Amino acid sequence: MIAITGVAIEIGQALLVLLLAPAVVGLIRWVKARLQNRRGAPVWQPYAELRKLFGKDMVVSPNASWIFHAAPFVVFGTTVVVSLLVPVLITPLPFNDVADLFALVYLLLLGTFALALGGLDPGSSFGGMGSSREMTIAALSEPAIALAILSLALAAGSTNLGEMAARTVANPSAALSPGHVLAFAALFIVMLAETGRLPVDNPATHLELTMVHEAMILEYSGRHLALVEWASWLKLTVFLVLAANLFVPWGLATSLTPGALAIAAISTLAKVAVLAVAIAILETRIAKLRLFRVPELLAVSFVLGLLAVASSFSVR
Amino acid sequence: MNVFRKILRVGIATEDLPAVPPDTIAVVRDIDARARRLLGRAVAIRQVDAGSCNGCELEITGLSGPVYDLERFGLHFVASPRHADLLLVTGPVTRNMEVPLRKTWEATPDPKLVVAVGDCARDCGVFAGSYAVVGGVDAVIPVDVTVRGCPPEPAVILQGILTALGRLEGRR
Amino acid sequence: MDRVFEQVSVLGASGVLLCAIIMLWRRGLTAYISALRWQSNVLAGLTAAVAYFGNDRDLYWVAALMVALKGVAIPRLLTRLSQRVVATQEVEPFVNTATSLVLSGLLVLLAYTAARPLLELSTAPTRAGIPLAIGLIFVSLFVIISRKKAITQVIGFLMLENAIALLAVLATYGVPLVVELGVFLDALMGFLVMQIFLYDIHDTFNTLDVDVLSRLKH
Amino acid sequence: MTSLPLLLFWVMVAAYALAAAGALAPMPRLTRSVGAAGTMLGGAAGLALACLVLWTSDSLALEAPDVLAVAGGLIFHLDRLGAVFLAIVSGVAIPVGLYGGQYTTSYDGRYSTRWMWFNTSAFLLSMSLVTGAGSAFTFALCWELMALSSFLLVIVEHDREESVRAGLWYLAMTHAGLLAILAAFFLMGAASTGGSFASLRDAAAQLPAGTKNAVFLLALAGFGSKAGVVPLHVWLPRAHPAAPSHVSALMSAAMVKLGIYGLLRVCLDLLGGGPTWWGTLVILCGAGTALTGVLYALVEDDLKRLLAYSTVENVGLILLGTGAGLLFRSLGEPAAATLAFAAALLHAVNHAAFKTTLFLGAGSIIHATGTRNMNLLGGLIKRAPWTSAVILVGALAIAALPPLNGFVSEWLLFQAFLSGVARSQASMAALLTLGVGAIALTGGLAAATFVKAFGISCLAIPRSPAAAGAHESPGLMKAGMVLAAAYCPLLAVFTIPVLSTLTGALATVGGLPAAEPSVAIGVTVKTGHSMGAMSPVVILPVLAGAIALTWMLVRLASRRPVHSGDTWGCGRIGQTPRMEYTSAAFAEPLRRVFSEMYRPTEDTAVGTTRDASPYYIQSVTYQARLHPWFQRAVYDPLIAAVEAVAGRTRRLQSGSVNAYLTYMVLALIVLLGIVIGF
């Protein structure tokens, strides 16, 4: 019985993240607009965009094969599965033992892989360029992610998300330990790269030559585009939830009482909102990096991960 | 950090839309109610320069700035006609741009709107009769709304787009 | 209490090292100087924290001196110097940025391996930061080796001085004030001497690129 | 006498012999049928034998002291470690036989398919026998037979200079390797009573440390050259693509694994592990091999060479696991060692599955288009949908993406390293941390490589008339490919039984504890010291369910029509294949990032019009060439030195028979002198 409730809550929280994702992006855009001294679109604007895209026809190149049609579903599916694994409200989840943080990262890589193929499929040079760049960035961010995971796992004794969150809940002072802080910094940089935010990629660019993610999806329209966009917003939200609940897990429910769940919902929302505003402020402050400076940024992230792991050596 | 100090000092720069002389915006075709309902809140704009002198482009650039801020109406520019709902076409259609313009129109998924901006886009303006131009925009693709002016002000262009969406009153 | 002290000291030491890493990533001279400023300030904060937890009055003075001298005075001098004599603001490294970053990460790992015997001897709550200090020594030496401009070498040298101060603060809760003062004065003297040299190099070659010094052979 | 394993063994030998005898058949058609049937039967028998040995207490022991008695006779003893590799060889043989039965028709009339089948059968037989060899002599004999038969397969296309060169490289490297292996056995055998592995094992305990180290180094060099350890891998990207594709699959999927087998046999089984630096050295070799392999695979334009370099990469990953296992064992962490070795073995098995798939797919592409240059391919997904789908499965698996099998072994590898970092001193932990970084970077780059391999060769518009006229492979080839591709999801779903079989095999050789993968929700992988849990069996249906559900919901939500419109190119009039991204273009960003590894030489030549005005450009030619670092650092000087020495010795060659006779007499006298002197 408990298992069924657990699975229900698991699916419920995945739905919550799924429905929340457009609002998170809307919030970032709104804060950015305000920081540009504009009124900006309301926070719920992305929902309207999704609704519109689902109601539009599609135009598909005759060169495209079934890969082009399948890619948006694969991207969306993997991201949804990932959101099933992340502790949003409760920890540990019933799915805790199904996939750990490595599996989560590789699931996201599967989505990237599929979208890169989708970009190559219509034979457009923009799509090829986007795919090539996206895979470059994805490949180079892997080592930094792995080291960040390693450092978290060393502290928690497990690579599974439930144990990681539980350990910080149990031992609050650990949240300030250098391994923890440095791993957070490393993961944050990688998150910016993986989700195509500034300074790695500009989500609002119109210039093909500077595009990464946008160039890959230039051929998509209608419901496919809606899925791809939604998946990328969902990925961002999942990363934010992950960052919030792995590094500052207080508020997560450890029992299934309504009160605990309500606290968990509020605290997670607040944490994600804070991170979203932080991203907006960061994006106002910094400019996009040239593509060939991105590896350097990822090298910074790698070194941070290395330091995070190394900091655990001396306490032994 | 100076950036943020300046942001605070300036405050919100966006202005309300002024009233527009009635004859500057002409609705050429009936705009499909479905399109209006569907695209009312979120419209992606693809700008096509069919041979303009770039005067209109200068004005269009103003749209995304803080003063006119088209994003508050849920409008934004996109990089591909595949993503677009509305084509913002400027200039007389030159012979070289005739095919690309039609291709852009074909590449835009339905339902879609076309707004012709500037006198040239309406009737070729000063370029009328030149051997190098094909004609106004509606000689090549069906136009929904025309915005007059040489060049039209950003506010007028914005009104034109909103007219096309059947939302003249501009919410805020 | 001790646990908090441990956390704070390691965190502070990581911060100091991080400033060096960030510096390796940046390109402009201004960024280098501001990284140095931040580093000195973090170091001063850490020193104050050690003073508080370790009940050592003298260290407060050291911290104040650090802020005054290395946090304010020297960066200001450097800025003026760079504005006066340096034509381009780009730092030209011998080793490209990504490689320098990865190398500095490896150097820190090396420091951890090298610091093991030291850690086994020490029982101080600050000991966990010692490998970071040693790592910083390596990294600043690397900066001195790998950057072309004489002025970046000066910055590397100052960072080395910071590293030694960090090591002193962490390993022994800071050396006596007198010795610390002596080191400061040394560093200041070194800095002034280098400044004179920089002017000379600039006057002779019209650049601060130390590559040109090889011309002196002929 | 006629126990079941023995019966299966003889069936296997007889089947391969039958396949070889098929070469005598009058019609090429019959040769092919007999060859394919024999190969598949042999593979099936071998697989059954391996499973029997792995899952029951049965084992195979066969001694023939009278055959070649002068060298101690032939001894076969198939234990569980050998059975793992026999399973790999046999498992690969089945789809390869099926596929080869039709693929070899394309060689009819051009090259001798009889000779090819004879050698393929001999190759398979010798590989199978290597895994069961029970004495140093038997091992070396089968090893050499394997090398020779595969060499003959490399030079099948003997009129192409490239093939012959590849054959020469292969011959030189494999014999240098054989020398090292023989030297290792002689060093071990000096102290033992006979050449059998059992007596070598007993004697190894008494060997002095220095000898053990020498044996280890020789074995690493010898077996490493077969497995493709950088920098001894140079022959691999030359020889593997030169062979017919189904043979390339055998070489890449099965033969290189035997190098790993030899290393495990000598270092873990016979020597019983060694000091810490053995593991460290193997880890360093593995990391270097994995990164070099994947970096060169990334920039390769030739599909089969790309696959060959990717084999080098995967051998690196296997070596990383092996090295970690050796290291943990020497540090007294047997459970962690089991985890690491199991990860290595599982990756060996998995790699056999997806590399077979990919090489067979590449063979179908060559069959369909006649080229393996990716810059001339494209659009195959519409013309050869099965081939493309098979390559896609292989690409997903080799890029270590869930839910397929490559991910499982990569995950275990991560876990092995993680548990090592958590458990060792700072210096070792630092090494292992870098190992984690290397594995992750390799994984990421492999994903990029295979997006390119699949995306450029199978998607978009054909880049050449050959690709435009491509066709799907005929039935048997299709069946072979699909069978190989089916291994990938199956191995992922049956990870738990496979893994417990592998740890069981490890328990018998190195005295490692057998760790049962724990069963949490029925299926979770959690072995020994591993610090995480993961369940490929659940991920697969959940992922498939999520994708299917999304598809259905979207179907319900929006039924708007789909129109066809040209690929968007900013309104340009028409699209030609020249506008597409090419293989070189795709790899360009990463090539620049790692330019210090590649050190490319680049030339840009601008061709102007006749009057040479710089403003009227007619053509721009860009050329970039890579000169691999190992070539520059190791082989160029070596070849130069050998040539110099050869130049000197040429003076001895007078061409006169009398002179040669004089040399012989002189040599005889010198030898006699030495003998008398002793």
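Observations on the structure shown:
For reference, chains read A, B, C and D in written order, and residue numbers begin at 1 within each chain.
Simple rule for what comes next: contacts are C-beta pairs under 8 Å (C-beta built on N, C-alpha and C of every residue); 3 or more make two chains touch, one makes a residue touch a chain.
All of these numbers come straight from a predicted model, not from anything done at the bench.
Following the contact convention of this document, B, C is the list of chains adjacent to both chain A and chain D. Taking the mean of all protein Cα atoms as the centre, the chain whose own Cα mean lies nearest is A.
Between the interfaces C-D and A-B, more contacting C-beta pairs are found at A-B.
Here the CA centre of chain B is 56 Å from the CA centre of chain C. Annotation: 49 Å between the Cα-based centres of chain C and chain D.
Each chain gets a centre from the mean of its Cα atoms; for chain A and chain C, those two points are 36 Å apart.
In chain C, the residues that touch at least two other chains are 98, 106, 109, 112. Residue positions of chain B with contacts to 2 or more other chains are 80, 82, 106-107, 109-110. For chain D, the set of residues that touch two or more other chains comprises 425-426, 430, 433, 563, 565-566, 568, 593. The complete set of chain-chain contacts reads A-B, A-C, A-D, B-D, C-D. In the complex of the two chains, the chain C residues touching chain A come out as 3-4, 7, 10-11, 13-14, 17-18, 21-22, 25, 97-98, 101-102, 104-106, 108-109, 112, 115, 119, 127-128, 130-132. In the complex of the two chains, the chain B residues touching chain A come out as 3-4, 7, 10-14, 38-39, 41-44, 66, 69, 71-74, 76-80, 82-83, 85, 106-111, 172. Residues 96, 98-99, 106, 109-110, 112-113, 116 of chain C are the ones touching chain D in the complex.
Chain D contributes residues 425-427, 430, 433-434, 593, 596 to its touches with chain C in the complex. Listing the residues of chain D that touch chain B in their complex gives 563, 565-566, 568, 570-573.
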